[in-house]
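Should a chain be cited, it is by its letter among A, B, C, D and E, assigned in written order, with residues numbered from 1 in that chain.
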Amino acid sequence: MTARDEMAREIRRHERTEATRRTLRRIGVFVVFLVILALAYTGYKAFGQSLDDAQTDWPMIGRVLPRTDDLTMPPVSDIISEFTQPPQRNSDKPLAAFIAEAALFTMREAVLGFAFGVIFGLGIAVVLLRSKWIEQGVTPYLVASQTVPLVAIAPIVIIWGSTSLDWLPFEWTNWMSVSLIAAYLTFFPVAMNGIRGLRSADPAAMELMRSYAATRRQTLVKLQLPASVPYLFAAFKIAATAAIVGAIVGEISGGVRGGLGRLILDFASRYTTGPSRLYATVIGAALLGLIAIGLVTAAEYLVLSKRKEEPLAL
Amino acid sequence: MTEPDRCAVAISNVSKVFNQGKPNEVHAIEDISLSIGEGTFVSLIGPSGCGKSTLLRLIAALTHPTRGDVGVNDKSADQARLDRDYGMAFQTSGLFKWRSVAENVELPLQLMGWSKTDRKARAAEMLDLVKLDEFGDHYPHELSGGMRQRVAIARALSFRPSLLLMDEPFGALDEMTREHMQTELLDIWNKTGKTIVFVTHSIPEAVFLSQRVIVMSPRPGRIASDIRIDLGERSFETREASAFFEKVTEVREALRFEESQP
Amino acid sequence: MISRAFRGAAPATVVGLGGLLFWELSLLIINPEGFVLPAPSGIIAAFFDNFEEIWVASRNTGFIVITGLVGGVALGVLWALLVSRFRLANETLTPLAISLNAIPIIALAPIFNAWYGLLSPVSNQAIVVILVFFPVFINTTKGLTDVGATEIELMRSYAASSWQVARTVRIPNAMPFFFTALKIASSLAVIGAIVAEYFGGRQDALGPLIVQNAGLTRYTEAWAAVLAGSVMGIVLFVASGIFERVSMPWKPDAETIGA
Amino acid sequence: SSDDDASGELTPVKLQLQWFTQAQFAGYFAAVDQGFYEDVGLDVTILEGGVDIVPATVLDSGAADFAISWVPRGLVPREEGLNITNIAQVFQRSATLQVSFVDSGINGVGDLAGRTVGNWGFGNEFELLAGLRSVGLDPDTDVSLVQQQFDMLALVSGDIDAAQAMIYNEYAQVLETVNPDTGELYQPSDLSIIDWNDVGTAMLQDAIWADADKLEDDAAYRETAVKFVEASLRGWAFCRDDFDKCADIVLAAGPTLGDSHQRWMLNEINNLIWPSPQGAGTMDAALWNQTVTIATSEGILKSAPTDGAFVSDIASEALANLTADGVDVIGNGWSPKTIELKAGGE
Amino acid sequence: MTEPDRCAVAISNVSKVFNQGKPNEVHAIEDISLSIGEGTFVSLIGPSGCGKSTLLRLIAALTHPTRGDVGVNDKSADQARLDRDYGMAFQTSGLFKWRSVAENVELPLQLMGWSKTDRKARAAEMLDLVKLDEFGDHYPHELSGGMRQRVAIARALSFRPSLLLMDEPFGALDEMTREHMQTELLDIWNKTGKTIVFVTHSIPEAVFLSQRVIVMSPRPGRIASDIRIDLGERSFETREASAFFEKVTEVREALRFEESQP
């Protein structure tokens, strides 16, 4: 028995190093790919500019293909060097540090928003599961809810947060309202994929549960939720980036300072005076998204490998 | 313990039509009446697609009759289901792929609120019974077809319901294992006086196990004959007895006759 | 067919009317001024009062929505096919997709406007495409890869080419995943187009109509324009539901979402 | 006057800005920093604005006690049913310009005919529309109006011929941008501007707004309002008299960017306030009428605002207190500085 | 047409270990060597979990041996798979739920590029053979267990490969249908001289159908006996012949002996 345990541990260790190696390899491949993309970007720019210099007009450019001047497509070298340069003359903190701090701030909002959204989305999926009638009645409005732009929602949430939540044991701050806004974007994919996943349980297995006179709750916990795991992880991946985007946009709508949203707005509104700052910040936001999806994928890997299923390599 | 006259299953004038009114309408069962006394071992036998599984699912209240009534233990079939009066082994094993073999066997016990230690003990006992004690930690996809079926049998027996509904449980088993499982099942039946409704394609198996063999006609399923078997206590010798072969022939002929009808 | 469609619409109608009533009544009680969130009666009145303007705006926005949706779905499916087929594509295009998706519209809009010019519809379409393609890509990839082992073995026993496996197993298997994504995407397309319009371009579109009115606290007018967007979203949702039914005749009804 | 009896107990006050922290709101930041609010017994928290935050709504909801808002953007909510009122008209002039490059040949409003003209909407467009009409152009047919982004790229890259710009912000941004043809920053001489103050279609901008119902019913609130206006104007006077210190205060309050940009902005904002011939915060009746006329004729307001859209008693009390303390509330001595913009506004 | 000496399947010293090196390691097959001449009908029989399906999957190149070699038709098993030398019927029916019954049968034909009319004709013919001609338009979830299995058989036979691998194809069929299918299969074999490798749990079935019955020992699977059957042309009477019963007893004893070993 102990020898067996010993061996199992050994194997797990091996699997872990394998997984690490694979992850590193993937990161390596992606970095190489990014370098290629950067070269393509530079090449395209050079091509476009040579056309410009030659005074020839290429109808695609500016229509299907982007324009190539330095203001619209800042050189890659500018973008990279921007990271190391302080965005403020009176401090020598490089832009990368600004972005990192802001990313942490946004991440906090996004994590909370993701949690709210997942709980809410799953809750909706479970309620909708109760009857086809409820589902048919409610789903169109869930869809409609997602077409309401934040400009209409943000003021409601922010004002409600700062006027109606004073009974909470802690102080409700605006960044928490931003999390609610993020949750508004997160719950939808979770609810949609959730209901699909909950319904994906094998009909034979549903019958088995019925034959045990299992309660709705037991069927949910023991059968439908496990069956929906692949769907849910797909949803979590969509929701993870949605939470970040929601947090960033919520910061901008609601005027919350400290996160990537403010940084992006600042740089965007001063685009002509330094386009590469915006590009650099956007890269920071994308990186944050990669990290978030990485975390979800790690969780998926843990859950599915325990279930002996093949996780989707994402 | 049991009053032999009470009716465990009472089916009266039941019909079942699938996709009623649509072009792909199927009359699966037509006007079946059948009552099964408590403690009886009954086999259902009949050609493929004649409605055996459907009949079992009607008793289990997993589907409802288009016409007619089904009663179990003097209540409606639905109530019996809610009271967990029966255990069912399905034709396809229906194991949960995310649960190990032992966890699959524990599933009904868990739903019924057994303690963890009790569950573990019973699951181990059941896996022993079906000779899969080494495989408790494996996952279903690592098992052979017959092994999966045995897990499903262990699961159906684990919580010892008073009525057992079994749909071709031994179909994928080799002869030896099959005989072993038959003996075990008879043993359980003898000891506990359960009512067992058993679907099989094997005539000898039906004759060997049952007190009654119900022969069904091809779709739409009707009851063609209801053959009482009285072979006394079963043993290894029963299979060699001439009374056994007579009954096997009787059932076979009933089946042949039915299938050759239009 | 028609009576069936009506029966399908009955729950939504009941829930919708009930919801409106509840909304109207609760505003009467807690917030009689109905300011930031106006009462539905006011919104509907404003919708018809400004119908002309909203109609023109909806047409302009609708064009971006439809073209962007089609482009995004096509891109998402193509991307998923590549990723599920080639390992190198998976290792490069997947993180790229995630990165693109993690960029908020508000950051993309200035960049796309810079690329294509403020007046080009391409910048708005590009934003819709980027929003839409991601859920389609994620879900479709999952559906293409999450195939039963027996099915794959069967196909291997036929020495089926990977294209044949894709066509006969992976794609049918991915259908329910894809349609779920399409339903998510239909609302994303609407919101994407509306938000993209805040950042420049023509002013007779839903986005400017909403922000302008909201900025001036004309919330009923803003919500009337929002309503137009929502109707557009619901129409697309219902259309994808019909499309789904037609494409997957084997599905028992229980398995499709909504509509 | 700071003879406040409830010494020690400060009244909490929340002020909602209409945009992020920047020199546009320097006076309020200076008043916090210099303790002017504390001196009159107020503990002021400044709430930054956001893209989708409408100060009037926040004020009405009670989430803020006072708000800074442009006059049109206060009058429309009032018409929609929010009972808010303008208690101090801080900016005496409009800062909105229509900017184009000199070589585009746009020298006056009339030259906009047939051009692609950018604007932000949000009520910013009414000065432009009225201006166009004042020279006989029909905004619907004679020009092509487009939605402009936050930045000035569309102008710089030639997508639009004339862009809307605030003199204290976007106009400066163009001057902070490198001209690819020369490699140097764009110069004022490269640009041609249309100033709505000159055209005669300017509308009033930043003012302090308060909740009219509370002013009516709640004497303490009214008293707070007087103190708030008083200390705020004191802050603005400080920013006029101690320009560099004020700029530093704003920079310390944390706009992410732009030393020279904030100084430029502060200078221009001072130009919008000073001199205030009738005293800072006092409503200029002529400009009010002009604002209202344009707002109603352009359809932004359905009818002229009802009485009480602005009140002058609070500002007068505050001015009286300030004058008694020897503060110069007219600012005749103000003369604009020359600010050198650096690349990127650093 | 066939040269009886050519080897259709050549298995030499093959072992298969699952989860090698892990705590849940399973030795499924150990050192099996077996060659099957072209045109032979061979049955595999053995206790549940002894590796019959695994062996079939090794021949089909759906899994690869841990040790040893598998050849089919003088090529590697993989090459034979690519050349579509065999057709396989799996233990679980493996129908595609999104295809109707007829479309499921047409699947391999479609993959092999048959024209639509040819496909339809063949599918109809095959469904007739398995007596499911009425159900061509139904979807798998509307079929009974036995009907599904028959569809899978129809699918495996549809493209007439030279080698047929069948994993308990008749397991869920009733006796009548089973006998009908056996006759049909023998008929096809007689007419076309296919090589057939057939896994079954039924000893009479194995004896009735095959020229050779391979008896496997319990896990780890080895070949316990290789029994030649020579009953000549099969007919209805074959089942009653004493030579038949002798062979049945021989196989039964070989199995018993194996299973009773540790």
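Going forward, a contact is a pair of C-beta atoms (placed from the backbone, for glycine too) under 8 Å apart; a residue touches a chain by one contact, two chains touch by 3 or more.
Model, not experiment: these values are computed from the prediction.
The set of chains touching chain C and also touching chain E is given as A. Most remote chain with respect to chain B, judged by CA-atom centres, is D. Counting C-beta pairs in contact, the chain pair with the largest number is A-C.
A separation of 49 Å divides the Cα centre of chain B from that of chain C. Mean C-alpha positions place chain B and chain E at a centre distance of 28 Å.
Per-chain Cα centroids separate chain A from chain D by 38 Å. Remark: chain D and chain E have CA centroids separated by 86 Å (rounded to whole angstrom).
Shared contact sites, meaning residues of chain C that touch two or more other chains, fall at 36, 109-110, 114, 117, 198, 211, 214, 219. In chain A, the residues that reach two or more other chains under the touch definition are 67, 71-72, 150-151, 155, 159, 252, 265, 268, 271. Residues of chain B in contact with at least two other chains: 92, 141-142.
Every pair of chains in contact is given here: A-B, A-C, A-D, A-E, B-E, C-D, C-E.
In the complex of the two chains, the chain E residues touching chain A come out as 21-23, 141. By the touch rule above, chain D contacts chain A in their complex via residues 20-21, 47-54, 57-58, 61-63, 149-153, 156-157, 173-174, 176-177, 180, 251, 254-259, 343-346. For chain C in complex with chain D, the residues that touch the partner chain are 33, 35-36, 109-110, 113-114, 117-119, 197-203, 208, 211-212, 214-219.
Here chain A touches chain B in the complex through residues 202, 204-205, 207-214, 218, 222-223, 226, 229, 307-309, going by the rule given at the top.
Residue ranges on chain D touching chain C, taken from their complex, read 52, 54, 56-57, 60-61, 72-73, 76-77, 80-82, 116, 118, 121-123, 145-151, 153-154, 157, 159-160, 300.
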